[in-house]
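A short write-up of the structure that comes next.
The letters A, B, C and D name the chains in turn, as written, and every chain counts its residues from 1.
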Amino acid sequence: MGEKLLNKSDIGKLINELGKEYSIYAATNDKQGNIIFDKIEKAEDILLDYLNSKIPPKSVLFPKVETLFEYEIKDDDIEITNPKDLYEKRIIFGIRPCDAYSFQLFENFFGYGQFKDELFKTKKENTILFGIGCNLPRQTCFCTSVEGHPHKKDDVDVFLVDLGDKYLVESISEKGKNIVQKLSWLSNTTEADIQKAKELSKLAEESMSTKIDIKKVIKIFQENFDNPIWDDISMSCIGCGSCTLLCPTCHCFDVIDENDPMSKKGRRIRLWDTCQSSIYTLETSGHNPRPNKVQRFRNRILHKFCYYPTNYDLIGCVGCGRCINICPVNNDLRNIFNSILKIEKKEEVKVV
Amino acid sequence: MVIEEENQNIEQLIRELARKLLEEKQVDVIIGYAKGTVPLSSAPIVIDKVEDVDKLIWNNLCYINLAKYLVPRIPQFTDPEKGDLKVGIVSKGCVGRALIHLSVEQQLDLNNIKIIGIPCNGIINRKKIEKEIGEREILELSVSGDNIVVKGRDFEQTLPFDEYENELCKVCKVKSPPTIADICIGECLENPVIMDDFTDVADFDSKTPDEKWEYVKSLLEPCTRCYACREACPMCYCNLCFVDQNKPVWFGKTTELSDIIIFHLIRALHMAGRCVACGACSSVCPMGIDLTFITRSLEKIAKERYGFTSGIDPKTLPPMMAFDMDDEQEFMLEED
Amino acid sequence: MSNPYIPLLTTVKSIVSENKVNDIKTIELKFKKEEDYKSFNYIPGQFAEISLIGKGECPIGIASSPTEEGSIKFTIKKMGEVTSGFHKCGIGDIVGVRGPCGNGWPMEEIKGKNIVVIGGGFAFSTLRSLILYVLDEKYRSDYKDVTVIYGNRDSSEVLYREILEEWEKRDDIKIVLTIDREEEGWTREVGFVAAIVKKVAPSPDNAVAVVCGPPIMIKTAVAELVNLGWKDEQILNSLEMRMKCGIGKCGRCNIGNKFVCVDGPVFSLAELKKLPNEY
Amino acid sequence: MSDIQTKTDQSEKKEEWEPKIIAFLCNWCSYAGADLAGVSRIQYPANIRIVRVPCSGRVNPFFIIKSLLRGWDGVVVSGCHPGDCHYISGNLVARRRFTFLKELLNLFGIEPDRVTFMWSSASEGDRFATLIKKATNMIKKIGPNKKFEKTW
């Protein structure tokens, strides 16, 4: 039996104990009251009953600004060193299943091909994920449509289910088992608790209000690259890129060198970048392969629902609904699916 | 009149005028607002058929400045055969101001545009509502009487409209677009005279530099550099923004505080005497950063120093496009 | 952990200015450590991410051939921050190199075939690498006739003059040089590359065409080849794309589901036809 | 630039802190004025490093902000008196620009005294020296520019 119980009043104790060995990252408020994942100093700062964070927890392992290496220019040599925080032992506490799944996608992508992104891999290896199931998914959530589930446990190391006044703690991976074993003071479960967790999982699944036939959507996307419908669905887009920056699966980055004006030191850093910006693909010669909003918009959607499935047989979306909530012009992904699904119907009519 | 009734009247006005324009073929397309799919939003929409007129709505969440869809950076209202299309644009005061200012800067031709003037009755501050409701999901938001009613799964909360209105809308003096002969229909202001005492920024002005710096720091800290503020701003139409320039690289692109502050400082500088105070930048910010203090201060500087209010008169040049021998220069260093 | 973003360090060994206006230079780099050079195994058509530490990084095609031992060469046009930095470099300066990246010309698959090289402007660098490789004693017998069609805006822009002269002396390679507009003293062809392709009319029998140049040249020259009866599989293009990481992670160089930096930059016309027209 | 800074950094520890000030001087008036001050042996603080620009209208606010970002403690911009501009109205255009810049620096809480604008003609060597003295003292009063420092 891998399950244990954790009283909500003991969260502080748990965090303090884990905090001795690991840095704890969890959802917390920033200065403007947004929920972000950040390093926790005090257990009281942790938020656990949040809907979902504004900035996805990718910011912990793939921060907005990440040092690739540091350098110091000397008289006839350059000294290059690896970034410092690579081997920091981290726990991401209270991550939602969708966001945990996004790490899986990151690992898949960054670990693909001849060159592997060792920075992310190393950080991920030193990280333990404590997931919490969503009992009340939002209206904009659609994880069940993209092969996810509000109580999906596969991608985390330890999985918690909120049972009201306590959490059911289930260790999933080896890493998770080891760490839960050390927490000997966790109490044992009863059959009723496990049963209740199962019920909650089922309830959560049933309360998902959006259901999309994603296989069909992918197929239509693959066949309709040149469809004029792209003009219509991208009409209202203002090209701001908040959808991509706040997407848990968007991994594109820009690389720049930053020098300390006061010394000969510097660092090469990578920053989150967005494919919605026109300079993203602008070549030095002035040629731009994706000069228009329509193309950039299409690239974003197809990258997740066409290129990703083609290359890795995975859907590049975890269904967190952040882009739906955040879009300033309310260009709702669900509407895009709906209008895309309509094209096929029209064509079928034509065939008949 | 209560807000709820006003909304209905405005909506009716928009639909009537839009129907008339389309039926009489005075315009080819109309840009307006449609109902959003999430509670705190509205969606810009383009219609070209009379049947679609009923999709146009008005509520207190129409925060996008529709003039953005006409700036040259996003050219889309052209037809291969007809050339430039005639566009009708649902205009609250700040949309009208943006259009007029853009024409002053020769970025668009007002003759291709029909301004459908409406008397805006204020926009709700989305961020303030989100903050108030906290981590509960908002499922529905409506205006009832003079109150905002927020409904969720197991709660219902009534909030007074006055308190949750955008700061900018509270002090707005140009609720309807200024009239320009021949291109305006609906409710427009004839020769508006703007009187503004800027009492709302007086408080901020009296702070010491360090206090201001601390305020700016904590305000801008969450910025992710997504540039939604820039993209939603009708005045930001440069082909290549200064932060994107790389010959030379002027300012850093990182999310370190100094780079963030510099970005907002320079953007504010570029908005000087041009900002039309629509508040779109604050409304669209995914991180809820309220840039009102910049907007208001820019208006104040332009008004107090040069007597200029942007987007009122298509014939007056904005302060940064003109100069005068007798400009005040009290900030110049002089011998004692 | 081996950090894939850390470059190998090299020093500038020589700098050659390639044209009259002096905005194209070929720099020769020597690896600081011998083992780095040994691990840097490349084939013609590949590129490397070269960087000036403190300025930035950019992807540049490798102009030298693996047969030229001891160093690697890059031909760089002065364009932005980084490339201008390279133009200010002196001998002995330190340059970072990551790579080789990309797939390169399919040297194995085109063995036993005639090779038609079509190049325009300073995109000729990776073609130089290819030609040198093919003409090298070790490999010459693997490939058949080589025809080179090389176009430029004007005569002062022709790169690698010395090596071109050497090639002209040989009888196993045919060189056709062209410039866009007539000029005094120019005795070679005049006209756009596509027109010259039509005039030269290379035979598609047992041959491959290797095309590299500005997008408009690729488009027109390829159309001419297709008119001459060339098949899509026989036409190889080397594409340009904006890149940052060069190793398929930063995302910006995708054409459909392919990344130019790892799946390209060399694509056959047949492959390109399957991809969206976003390049 | 960084050389100068490292040098002054070292001296900072030993002696009293001296500000580093970058001055953009217009070619026709202020630069000549500075020259005159030098030729006439009028003493003025050695804290300024001069950048000669064709006209005060050439001074993009970017220059000023970038200087602050790079760690300069103060910026001085000097041009011809209104009406005397070699290009007729360059300094008048500049004046409007500086008005807004000054107001915005103030708004963001960056000490407005760090950035100084002044007029000084080719014949006013002593005025130039006096104003530079005044500006230097003002900047000394505020202290070092630390607001834009990044963590290294």
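Convention: a contact is a pair of C-beta atoms (placed from the backbone, for glycine too) under 8 Å apart; a residue touches a chain by one contact, two chains touch by 3 or more.
If you're wondering where the values come from, they're calculated on a predicted model, not measured in any experiment.
With contact taken as defined at the outset, subunit A and subunit D are each touched by B.
Placing every chain at the mean of its C-alpha atoms, the farthest one from subunit B is found to be C. Separation between the centroids of subunit C and subunit D, computed from CA atoms only, is 49 Å.
Chain centres here are Cα averages; for subunit B and subunit D they lie 36 Å apart.
Centre-to-centre, using mean CA coordinates, subunit A is 32 Å away from subunit B. Once the centre of each chain is set as its mean CA position, subunit A and subunit C turn out to be 39 Å apart. In subunit A, 254, 256, 258 are the positions where the chain touches two or more neighbouring chains simultaneously. The set of subunit D residues that touch two or more partner chains comprises 150. In subunit C, the positions touching at least two other chains are 80. Per the contact rule defined earlier, chains pair up in contact as A-B, A-C, A-D, B-C, B-D. Interface residues of subunit B facing subunit D in the complex, by the touch rule stated above, are 207, 209-216, 242, 250-251, 256, 258, 261-262, 264-266, 268-269, 272-273, 293-294, 297, 301, 305, 319-320, 322-325, 327-329, 331-336.
Touching subunit C in their complex are the following residues of subunit B: 246-249. On the side of subunit A, the complex with subunit B involves touching residues 30-36, 47, 49-51, 54-55, 64-65, 136, 138-140, 235-236, 238-242, 245-246, 254, 256, 258, 269, 271-272, 274, 277, 279, 293, 324-332, 334-335.
Considering their complex, residues 61-62, 65-66, 69, 82-83, 89, 92-93, 95-112, 116-119, 127, 130-131, 134-135, 147-151 of subunit D touch subunit B.
Partner subunit A is touched in their complex by these residues of subunit C: 1-7, 9, 51, 53-58, 79-80, 83, 92, 94, 96, 214-215, 240-242, 244-245, 247-257, 262, 276, 278-279.
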